[in-house]
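Some notes on the structure that comes next.
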Amino acid sequence: MLLIEHEGKALLAGVGVAVPPGVVARSADTLGRRKLPYPVAVKAQVASGGRGKAGGVVRADSPAQARAAARKLLAMKFGGEKPRGVLVEPWLAIERELYLSVTVDAAADGYAVLYSPRGGVEVEQGAALVRCDVGPARNFRAYRLREALADVEADAAVRERVVALAHRLVLLASSRDCTTVEINPLAMLADGSLVSADAKVVRDEYARFRAADIAERIDAEHARQPKAIARALAGKLMLVWLNGEIGLISGGAGMTMAAMDLIADAGGRPACFLDCSANPTPEGYRLAFDLLDGEPRVKVILVSIFGGLTQMDRVARVMKEIMSERRSVMPVVFRLNGTNVAQANEILAKAGLHNNATIEDAVREALSFARAGGRR
Amino acid sequence: MSVLIHAASRLLVQGITGNVGRFSTRDMIAYGTRVVAGTASGRSADDVGGVPVFPGVKAACAATQADASIAYVPASAAFDHVIEAFEAGIGLVIYPGDELPVQDAIELRAAARASDAIFIGPNTPGVISPGKAKAGFMPSFCYAPGPLGVISRSGSLSYEACFRLTGAGLGQTTVIGIGGDPIKGLTAAEALDLLHADAETRAIVCLGEIGGGDEYAVAEYAARPGAKPVAALIVGRKAPPGKKMGHAGALIGSHADTHSAKMKALERAGVHATGTISGLVAAAKRALAASR
Amino acid sequence: MLLIEHEGKALLAGVGVAVPPGVVARSADTLGRRKLPYPVAVKAQVASGGRGKAGGVVRADSPAQARAAARKLLAMKFGGEKPRGVLVEPWLAIERELYLSVTVDAAADGYAVLYSPRGGVEVEQGAALVRCDVGPARNFRAYRLREALADVEADAAVRERVVALAHRLVLLASSRDCTTVEINPLAMLADGSLVSADAKVVRDEYARFRAADIAERIDAEHARQPKAIARALAGKLMLVWLNGEIGLISGGAGMTMAAMDLIADAGGRPACFLDCSANPTPEGYRLAFDLLDGEPRVKVILVSIFGGLTQMDRVARVMKEIMSERRSVMPVVFRLNGTNVAQANEILAKAGLHNNATIEDAVREALSFARAGGRR
Amino acid sequence: MSVLIHAASRLLVQGITGNVGRFSTRDMIAYGTRVVAGTASGRSADDVGGVPVFPGVKAACAATQADASIAYVPASAAFDHVIEAFEAGIGLVIYPGDELPVQDAIELRAAARASDAIFIGPNTPGVISPGKAKAGFMPSFCYAPGPLGVISRSGSLSYEACFRLTGAGLGQTTVIGIGGDPIKGLTAAEALDLLHADAETRAIVCLGEIGGGDEYAVAEYAARPGAKPVAALIVGRKAPPGKKMGHAGALIGSHADTHSAKMKALERAGVHATGTISGLVAAAKRALAASR
C-alpha cells in the first residue's frame, strides 16, 4: 500500500528525519486562509508516480498564486487518479538532488539500501544506483554502507549524513512494516543538510493485524474504490477489471494468469482477474457471480478452479445452488478440478451442468458463447 | 530418491486441531505420509485421526522424533510456531499460509539459517514426493512417481501442471511449492540446488510467473555447466502492468518483471520455456529427452 | 517518561491491542456535550500511581453524573499532581482482572514479561508475578512464555490470548522505545476476550533523537514544570528540589549523592540535587547559581565538582568570573578536584577563593555558614 | 596482572577527531597508554597527537593490530560504532557516553556476547589499570598501582574514592567503571568474576548507589565460598524516593532499591560496607586485612 507523500513524510518525521514543514489542504479555499512561507511548492497528493513530469508540482509566490495552483492541481488527474489534496511546503533552494531508499529485496534476504548521488529525474530515467544489502533490519551496518558509498559520494559530510539517515529508514521500515521507504529527491541544501523533498513509503498490508494505521488506511483505500471493487474487497475477493468480455471466476493466482493467457491465445479477452481463493465459500462465490452479472461488458462467465485445500465437491454444490437461484441469463462455463473432483463431477452432472475436462476446452466453450453474443 | 520429504519423514502438524489441520492430516495420512504428531498450542486435545496431540513442539519431538513440520496457523501466529519448531530441532518447516508480513518472512528465513534448518513458504501448498509422502494439501491424484523435479511459485498452477505431466506419463521425484511471496523461506535457487543434487531427478520443471527474480535464478542455473535440463512455464503474459495479480510477488514493476524479458532470459540459458500451459508437457518432454 | 493513561492506550491500540473506546475531556463542560455509552468510567488522567485507591476513577450513569464526576476529579490532586483531563470509557463488566507487563530488566539482559492471573490491586499490594525473561525483543518465544504460564493460568484460551498479547507488547516496547508497558488490570470480559482497562507506558527519553513523539512529549512535560525546573532542564541541568538550605551545585550523580549524605550526617539538609555534568560550561554554571540565588530557602551554596572530562582549570576560571559578577550575597563554598586541579587551585587562590581539600571540609564550612544564617 | 586493560593493550580511539577524542587521546598517551590508532568516520584526517587516523575500524585494525577500543561518538551513533569494532575483531569496546537508548544497550550487550567480546558502558569514565594503561578520561593522579580491584557505577564517585584510597596508600589493580545505566555491557557480576580471577587483586571495592540490582550481585559474590574480601560504599542514603538521581538507574522504585536494604544485604554477605565516603578507606583496609 503506497502512502501519499504527506503521509509518508509524517512517518519520516516521526523517526526524526528532516522533512519540509508542510500543510495539507483539501481545497483551494482552505488554502487561501493559511499563512504560508512564500515562495511555496504546491504539490498534488497522488499515489501514482511521475507526478513531477506531469506538472503536479507548482511554485507559488503569493496567496493568489497558491490558490490558483491548488485549484488547477485539484482539477487534474494523474495516472487516472484525482489528487486527495495538495501539500504546500516552503520552496526548497536545492543545491543537489540525491536519491536514497530502503526496500525489501529477495536478493538481500531482507532490506537493501539504494543510493545515488544524483537523484530526482535522473534516477526515474534509470540511472544506476549503488546498492548495499542489509538483510534483517538489525544487520544494518553503517560501516558497510559507508564503504559502499565511498566510490560514488565524494562529499564525506554528506556521506555520513546519508549513512545515519539510511539507518533511520531501515529501522522505520522494520518497526512500522514498510516494504519500501524511498526519498527522491533527497535534497541537499546550501548548508549541506539533507531534507526529504519527497517520500514514497509502501506499507505491508499483511501487517494490518498489528498496525492499526495500516488497517485504517486499507479501510479508507477500500472505501475510495469503485463500488464493485469495494464490494469484492469486502468479500475478500481479489478483483482487477480488465477490458474484455470473458468474466473469469477463478481460484489461485498462477492458474488464473494461465487461463487469462489461454483466453488471449484463443482470441478472446478476459473481463477481469477475479480470484476467490481467499473466500471459497457460498458467500464468496455468490458475490463473484453478482459482480460479473452486474457488469454489462461481461458476455460469459468462465469458472476455473483447481482446488487443493478447496474441496471441489463443496464448490460443485455451491455452483449448483447458484445456478438454480441465479436470475441472470449470462452463460456460465465450468472447469472444476482438484480435491474430491470425482464427487464434484457427479454433483454437476446431476444438476445438468457440464464440467469441462480441460481449461482449453472451457476457454473454447466460453469464447463460442462470447462470439454468439453471450447473455442469452 | 526425493528431496526434502521422504517415505521415512516423520511429520508434525502444528495447529492440528483446526479445520485445515484436521482435514490435511487425514489427507496426508491417506497418502501414506507418516504423520507422527500434532500440536495444539497449550491445549490438551484428543488425537486427530489417530495422531497424538501435544501442547508444544518440544514435547512432540521428544515423544515422536518428528523431523519435519507443517504449520496450519494464522499469519499472526506463524512466526511463533515456526521458530518453536526450529528451536525444537525440526529441520524442515513448511508454512503454507498466506498474508504473512514480509518482515516475518525475513526473520524466519534468517532464523532457519541460524538453526541450520529449511523453511518453506509462506503461501505454498507444500511439498510432495509422489508415492512416498506429502507435506501439504495438494490434490494427490495429480501426482505420480517419476523423473521430474518440479518447482512452483503458485499452488493452483502446480496442480494443473502436475495433473498434465502425470497424465502424460511424466512423473515427479519431488514437487516443491516455494510460494508466491517476495521473500521465501526456500528460494528458487536453493530448490534447484536440492533437485540438482538428487540422483533420481533427471530434468527440472519450473512453474513461474511475472514479477520477482526467481525465473532469473532458473536461467542462471540452466546456464551452469553440468546443469540438468530445465523446462519452464511462465504465466501472466497477458497480465496488465502495475497491478498485483493475487500473489504479493506477481506484479510487473520493471522491465525485468515482464513475461517477455523472463522468456528471453530462459531461452538464452537453454531452458525449454513455454508461455502457455498447453505447451508444458511438450517442453517437459524435450527437457527429459535432453537428459538422456 | 511515564505516559498518561490515554496516551499509553493510544500506543497499545496502534499495535492492535484492544482498549476500551474512550474520549478525553479537559473540562466538565466539554464532556457534557458528548454522547457517551452509559454507564461510563470517568478517570482522572495523572501520571502518579495509586489513582484507583485515591478515588480517581468514578462511575457515572448519566450525563449529569459524568459532568459532576469530571468536575470533582479535575479539582482533585493525586500525588500532588493535578489531572490533565479525564478519560471517559464504557464501564467494563470485568469477569476477572489479570496483570501483564513488559519491562526492561537487567537480569533478563533486556525485556522481561511479568504476569499474574490476579491483577488489579492484588498486584499493587505485592502479589507474586510469574516472570519470563526475553532479552532482546526478537528473542521473544511464545512457547517459553506459554510454559511459564502453564502453572498459574488455568484457562488455556486466556493463556493463548496472553501469549499473543505479550508478543505485541514486546514488539511495541522495542519498536517505540518503551522501557515499560504495563496493563493492570488486564480485563477479562464474559466472552473471555481481554481488554486493557489501564495502561502504564514508560518511554525512553534517551531515544528522543529518533522518536519525534518522545521529543514532543519531553518538551511538553518540561513546559509543565515549575519555572526553575523548566529553566534548569532548558539549560541541561538536572535539578531536584529538596527541603534543605544547602544549595548543592555538583557534577556527577554518584558524587552528588555522596555529598548529600555527608551534609545530612553533619546535621544539614541539602536544598537540591543540582547536577551540572551534562553542561559544564560558563552558561551552565551561571544558570545554576542563578537558580539557587533565586530560591529563598537556600542559605549557602556548596560547589562540589570532581572532574574527569571536565577540566577543573576551566571550571575554576568560570567560578572566578561568576563570583566577580554575581550580585547575590549568599556565601559560596568550593570543593573542586579532578583533571588539572593544580591549575584550578592556582586560579582560585589568585581570585581569593578558598578551595576546600576535602568534601567533608567543604560540608563543614557550608554548614557553619548556614547556621550563621547565610546570605550575609 | 590487571584485567581488561594492560600495558600491552593496543587502544583504538573511535571518533578521535572530535574535541573529546582529541583531549582524551593526548591524556591517555600521557599516562603511557599505547594508543595505536584512531578513526574518523569516512573522513581522511591528519594524525591526532601522533596517532594515525583511519576511515574505519577494519582498516585501523589491519594496520595497527588494535585490540581494545573506546568510542567518543554521540549516543545516536554509538550502536553503529561499537558494532563496527566488534565485527573488526576488537575484544574490548568501551562506550563512555551517556543518554544511550536502553534498546541500543540491550542490542550491544547481545552483540558483544555473539562476538565473544566485552562491551563496557554506557555512561562510564572507562577502565584504568594504574601504572599500566588507561582507556578513559578519569583524572590520572587519583590512581596508583596496588592490590585493590575497584568497580563503580558512578564516574565522579570513583574519582573521589580512588583519590582517597591512593592517598591512604591503597593502590588498585584495575578500576572498572561499569556505568550507571540499567542495562550494562559489563555487569557488576561479570566485573567481579574478572577481578576474582586476577591473581594480583587481593580485595575488591565496590562503589554503589540506590536503585538497580548491582549491589545484590556484589552480595551474592561475597557470600560465595572462596570469594575475595569485598568493601562497599553505597551512596544515596538521603536521596528521596521516586526521583531519578542523575543516573538512569539511580531511582528508588521498590524496597530493594533503597539504601538500607542494600546495606543489609551486603552486611549479611560479609561485605565491609559503609554508607559514607568518609568511611571508605577504613572499609577497604578491613577488606585488605581480611585477605591476608
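Observations
Order as written gives the chain letters A, B, C and D; numbering starts at 1 within each chain.
Keep this in mind: a residue touches a chain if its C-beta (ideal position, glycine included) is under 8 Å from a C-beta of that chain, and two chains touch if they have at least 3 such contacts.
For clarity, every value in this text was computed on a predicted model and none was experimentally measured.
The chains in contact with chain A and with chain C alike are B, D. One finds 53 Å separating the Cα centroids of chain A and chain D.
With centres set at the average Cα position, the gap from chain A to chain B is 26 Å. Looking at chain C, one finds that residues 138, 174, 209-210 touch two or more other chains. Under the contact definition stated at the top, the residues of chain D that touch 2 or more other chains are 76, 107.
Taken chain by chain, the contacts fit none of the simple shapes, being neither an open path, a ring, a star, nor a full set of pairwise contacts.
Touching pairs of chains, sorted by label, consist of A-B, A-C, A-D, B-C, C-D.
Those residues of chain D whose C-beta lies close enough to touch chain C in the complex are 20, 23-24, 27, 75-76, 98-103, 106-107, 109-110, 125, 136-139, 141, 152-160, 163, 180, 182-184, 187, 207, 209-210, 212-214, 233, 235-240, 243, 245-248, 250, 275-278.
Taken in their complex, chain B has these residues touching chain C: 41-44, 55-58, 76-77, 80-81, 83-84, 87, 107. Every residue of chain C that touches chain A in the complex is listed here, in rising order: 13-16, 138, 168, 171, 174-176, 209-213, 215.
The touching residues of chain C, counted against chain B in their complex, run 138, 141-143, 146-147, 149-150, 156, 159-160, 163-164, 167. Taken together, the chain C residues at the contact with chain D in this complex read 104, 106-107, 109-111, 135-136, 174, 177, 179, 204, 206-207, 209-210, 238, 240, 242, 250-258, 260-265, 270, 273, 275, 277-278, 305-309, 311, 337-339, 341, 359-360.
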